[in-house]
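Once you scroll down, you'll see the structures, which are given as structure tokens.
Consider the two complexes below, in which chain A is the common component and chain B and chain C are the respective partners.
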Partner chain A sequence: MHKTPLLDQLESGPFPSFVKDLKRLAPTKPAVNDLLGQLERSYKEKITHWKHGGIVGVLGYGSGIIGRYSDLPDEFPGLEHFHTMRINHPSAWFYTTQALRELFDIWDEHGSGLLNMHGATGDIIFLGTRTEELEPAFQKLTAKGWDIGGSGSAMRSPSCCCGPARCEWSCYDTLEACYQLTQEFQFDLHRPSYPYKYKLKFSGCPNDCVAAVARADMSMIGVWKDDIRIDQSAVEAYMGGELKPKGGGANVDKLDVQADVVDLCPTQCMWLEGKTLKINNRECNHCMHCINMMPQALRPGTDVGCTVLLGSHAPILEGAQMSWVIVPFMRMEEPFDELKELTSNITEWWAEHGKNRERVGELIMRLGMRAFLEAVGLPPVPQTVKTPRANPFFFWHKSDFEAEDAGRKYHTTK
Partner chain B sequence: MALPKEELVEFIYKLVEAAQGKKQLKAKDLEKMVLKEHPDQPKNDVKYAIKDLIDSGRCVYTYFGGSFVEIPHVEGAAKH
Partner chain C sequence: MSERITDIGPPHYSKFLPPVIKENYGKWKYHTIPEPGVLIHVSETGDELISVRVASPRLITTLFARDLCDIADKYCDGYLRFTSRHNVEFLVSDKSKLEGLKAELVQRGLPKGGTGHSVTNIVHTQGWVHCHTPAIDASGIVKAVMDDLFEYFGSHELPAQVRISLACCLNMCGAVHCSDIAICGVHRTPPTIRHEVLRHLCEIPTTIASCPTGAIRPHPDKTLKSVIVNEERCMYCGNCYTMCPALPCFDSEKGGVALLVGGKVSNAKSPPMFSRLAVPYIPNDPPRWPDTVVTIRRILIKYAENALKWERVGEWVERIGWERFFEVCEIPFTFQHIDDYKFQAYDTYRTSMHFKF
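Up next, the complex of A and B:
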């Protein structure tokens, strides 16, 4: 066993340490022992000893395998090859114990036994194997119905929140949407043909439990168009302390509806009339605060769908960008044809115009939202304006000036 | 004029072969190069021609900060 005085310190803290896990595996897996040794050395020298990328993969696919090699193979022979495999996860990460055992048995046989549940995109990450083990591992995975996920300049494995499986607020079936889009874009997931990565994430409500707005190039966030449903008797029960705020998850036992809910509404669209809660739904921006505080009294409406947002990414030079609304409301019903078509139109435009390693959000920043909307055939709508007066992207055509000269008014209802 | 499938596969292979060691080509670069010579070639044909090359092992996808289509070669990073 390699000596690891620096890594040992990580075991002394109050939280579970990966070092402990690695040490448990090291006696049976020489690669893991070498991993501890190389990591200790990196901690001492403050540089990485990994080389990344290359040509490794499985036949027919360009995604899902990330080549990784040590630059100290003589010293740490177990790390001469230490490739990563990304395995496409099931929607919302629901597994049976049998499925998990299948995966772990395959990885125990063909890899280091180390894995990460889950990577940032959502995939199951198998860490560390040799080139000659990739194809047998892949064959065994596919024989059991698994497939490897996306990596490189490709569609990445879509992911979603648990949606209607466990959450009453979900405005559409996130699991089905995620599954259907994963199937639809299989070609682009396995055969990189984009300028860079493209991530899809599905959240069932504006709480956005998978943080789609910040982490996905394209986010589908559940939303409702009608009124928040109110149970006034439950509102009274919250006022009287019979119901605990946040389903018992708050740090107070009794909710002050005026101070904790009404006064904190960002658009001030609600008020109390005695013990009756009133909401001006036209002004509601679906922040979910009131619903989160009083889940038994308030629920999302029933006219449901999703808002489609585009463009978040975290580039090093310009800083992180959040996604931008491109479709304020889209009905989300099987087979999700509207969403599939929109996704294809967007990726087609981006693949045509994007530079190498340019995310779709960066391309929109470079060419403008106007060019984007025109290319994918989306109408400009007020909700698309991220910053008033900065990006109204009105499409001025010659015909507009002529119509203006002829006396056209702009406050039409069309 | 659009090329029949076998000729398209060979056309793309020659593009990749000519660029090997000089320029790394993405799948989209290949599509643009094909369409420049054969503007009426359906884009889907190019997509599946690249798939044929990859499935047969004549070309491979590589990752060097982006994903490219190349002729199989010795893995540089694997060398000591």
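Up next, the complex of A and C:
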């Protein structure tokens, strides 16, 4: 066993310790022992000891495996190869112990026994195996009904919040939508053929528990169009202090409905008439504040669907973006044809025009929103902008004049 | 060779849902959080599901994961799930098993929490455990910070929830740019060019194209078949190294931690916000990064003391102003804080008289 005096200092303290855990496995897994040894070196030298990957994979797939090699293979032979396998997770990360044990059996046999539950995109990450183990591990996984996820310039494994499985606020079936879109794009997930990565994330309501707005090229966030459902007797119970704000999730005993809810409504569209809560629903902007505060009294409406937002990516290369609204409301019912079609239209346009390693959001910035909207057949609508432009430098296309000649005031795609 | 199975995708989730969820799918009416780490969801049918949320280090072994399975078998009929923030949730359908589960979690040292107005688990990436470009480790810093903030994991004492994330380099594979407190690994040295290796390993046009700031040029001496880097333009992102292994940009002394604050992804009250730079650099100090830990605690405490009820970190800072934030948190303001990267910089310059002294 390697000596790890620095890492040993991470064994103490109340939060679960990965060092303690890894040390339990090290005696039976030489690779894990070597990983601790190399990590100790990194802690001493303050530098990583992994080499840039190389291309490895399983037959017929171009993604899902990340090649990884130690730069100290002589000292740590167990890390000579230490590749990652991304296993596509089930919607909302629900498991049975039986299914998990089958996965762990495969991983104990063919890999280091080390894993992430889960990677930042959502996949189960199996960390550390040799090239020759990849194909046997893959075949055992598929035999048990599992498949590997995306990496590289491909569709990435989509993910979703727990939605209708365990949340009263979900405005559509995030789990089924996630599953069906994952199935629809299997080819693109396993055979990188896009300019860069493309991520889909599904949140059931504007609380956005999977951070779709920030972490997915295409973000589907649930929304309702009709009235917030109100249980007035529960509103009174909040006023009386019988019910606690945020279901008890805040250290506040009694809600002041006027100050904590009504006055903080960003659109000022709610008011109290005595003990009755009134909402002018047409002016509500779906911020969820009042609902978060009084989960037993308020619920989203029943005329539901999702907003589609597009374009977020991390700061590299052109500076970070959050997704912006492109479709304010889309009905989300099986088999989700409208969403599948829009996704295909967008990825096709992007594959045709995008440069290598250009995310779809960057391409739109380069070619312009109008070019994008026209190409995928979306109309201009005010919900997609925070404000209209402040400059008068706008363009007129031939299609605009043709529309005028045809007696229509403006050209639009719909 | 036997028939290979491919492109089947993940298993359908319905195989993994406990009966109480199957029967009440889409029928949940409300939830309560009777104590930190315990959620009770109540259905229109009157059925209840109890979820007990506990911390996990994310980087785990199959031994740890099998322990989780044993617990779930004993108390949850074999059903459990993981959250988007790396926590584990035990799904209890039989109320009478809750106390037993809680006792076993205590005995096994698995803390419950991460609900409501807490500091929940830190979303993070690979670090020195498994990546070739990190400026910092991930798991070690997460452990050190969560040990220090442990009291806030299992309580609801803060003005609102606080989400902390960590990414070990500018690629930001974790989700940190929209977090209340973001820990980001930063390199501070341009790549060293290994000319003799570069000509064999790398394609020059793709190497040049990989640089977001256009800092890489062909070497004037054409016979070298290599490149030069304009060091003044380099922002140490490591993109070139990813494309071309002959351009390592790491330095064991100059890498370290940057802290960004005030982001959020939820739409509650205010729109989603980006995290903004608070501390440009804290030197690496393994194994426990004491400076980073202390600085995060200071920011958290000042927030907890000064924010109004329900205010997220970003909402608090917007209300008091960034100039006040730097003063209150005793953080010096530097050239690094002023944005000069591409087009987004202008949006951060103040064009009003609405500031404080």
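As a working rule, the second predicted complex is superposed on the first by the 381 of 414 C-alpha atoms of A that agree within 3 Å, B and C clash if a C-alpha of one lies under 4 Å from a C-alpha of the other, contacts with A are read in each partner's own complex, and residues count from 1 in each chain.
We adopt the following convention: contacts are C-beta pairs under 8 Å (C-beta built on N, C-alpha and C of every residue); 3 or more make two chains touch, one makes a residue touch a chain.
Quantities reported herein were computed from a predicted structural model and do not represent experimental measurements.
Engineer: Just to be sure I read the superposition right, which of the two partners does A:Leu59 touch: chain B = first, chain C = second, or both, or neither?
Structural biologist: Both partners, chain B and chain C.
Engineer: So in the superposed three-chain picture, is A:Phe372 touching just chain B, just chain C, both, or none of them (first/second/both/neither)?
Structural biologist: neither
Engineer: Where does A:Phe336 make contact in the superposed view: on chain B (first), on chain C (second), on both, or on neither?
Structural biologist: A:Phe336 sits against neither chain B nor chain C.
Engineer: Touch check for A:Trp224: first (chain B), second (chain C), both, or neither?
Structural biologist: neither
Engineer: Is A:Trp93 in contact with chain B, with chain C, with both, or with neither (first, second, both, neither)?
Structural biologist: second
Engineer: Touch check for A:Trp349: first (chain B), second (chain C), both, or neither?
Structural biologist: neither
Engineer: After superposing on the shared chain, does chain C or chain B touch more chain A residues?
Structural biologist: Between chain B and chain C, C touches the greater number of residues in chain A.
Engineer: One more residue to check, A:Phe76. First (chain B), second (chain C), both or neither?
Structural biologist: The answer is neither, since A:Phe76 touches no partner chain.
Engineer: Thinking of the overlay built on chain A, is A:Phe187 touched by chain B (first), by chain C (second), by both, or by neither?
Structural biologist: Once the two structures are laid over each other on A, A:Phe187 reaches both partners.
Engineer: Once the shared chain is lined up, is A:Lys51 touching chain B (first), chain C (second), both, or neither of them?
Structural biologist: Touch partners of A:Lys51: chain B and chain C.
Engineer: By the touch definition above, which chain A residues appear in both interfaces, chain B in one complex and chain C in the other?
Structural biologist: 51-53, 59-61, 187, 356-357
Engineer: Mind listing the chain A positions that touch chain B in their complex?
Structural biologist: 51-57, 59-63, 66-67, 69, 73-74, 80-81, 131, 151-154, 187, 191-196, 351-352, 356-357
Engineer: Under the touch definition given earlier, write down the residues of chain A that touch chain C in their complex.
Structural biologist: Touching chain C: residues 6-7, 9-10, 12-19, 21-22, 24-25, 32, 35, 39, 42-53, 59-61, 68, 82, 84, 88-101, 104, 107-108, 113-118, 120, 122, 127-128, 139, 142-143, 145-147, 157, 159, 161-162, 164-168, 170, 173, 175, 179, 182-183, 186-187, 189-190, 206-215, 244, 246-252, 260, 264, 266, 286-289, 292-293, 295-296, 299, 314-320, 322, 356-357 of chain A.
Engineer: Help me check something: in the complex, which residues belonging to chain B touch chain A?
Structural biologist: 26-28, 47, 50-51, 54-55, 57, 60-67, 70, 72-73, 75-78, 80
Engineer: In the complex, go through chain C and note every residue touching chain A.
Structural biologist: Residue positions touching the partner: 4-13, 15-17, 21, 25-26, 28-35, 39, 41, 49, 51, 55-66, 68-70, 72-73, 78-84, 86, 88, 109-111, 115-117, 123, 125, 127-134, 137, 139-140, 143-144, 146-147, 150, 153, 155-157, 160, 170-175, 177-178, 206, 209-210, 212, 237, 239, 241-242, 245, 250-253, 255, 265-270, 272, 274, 284, 286-288, 309-310, 341-344.
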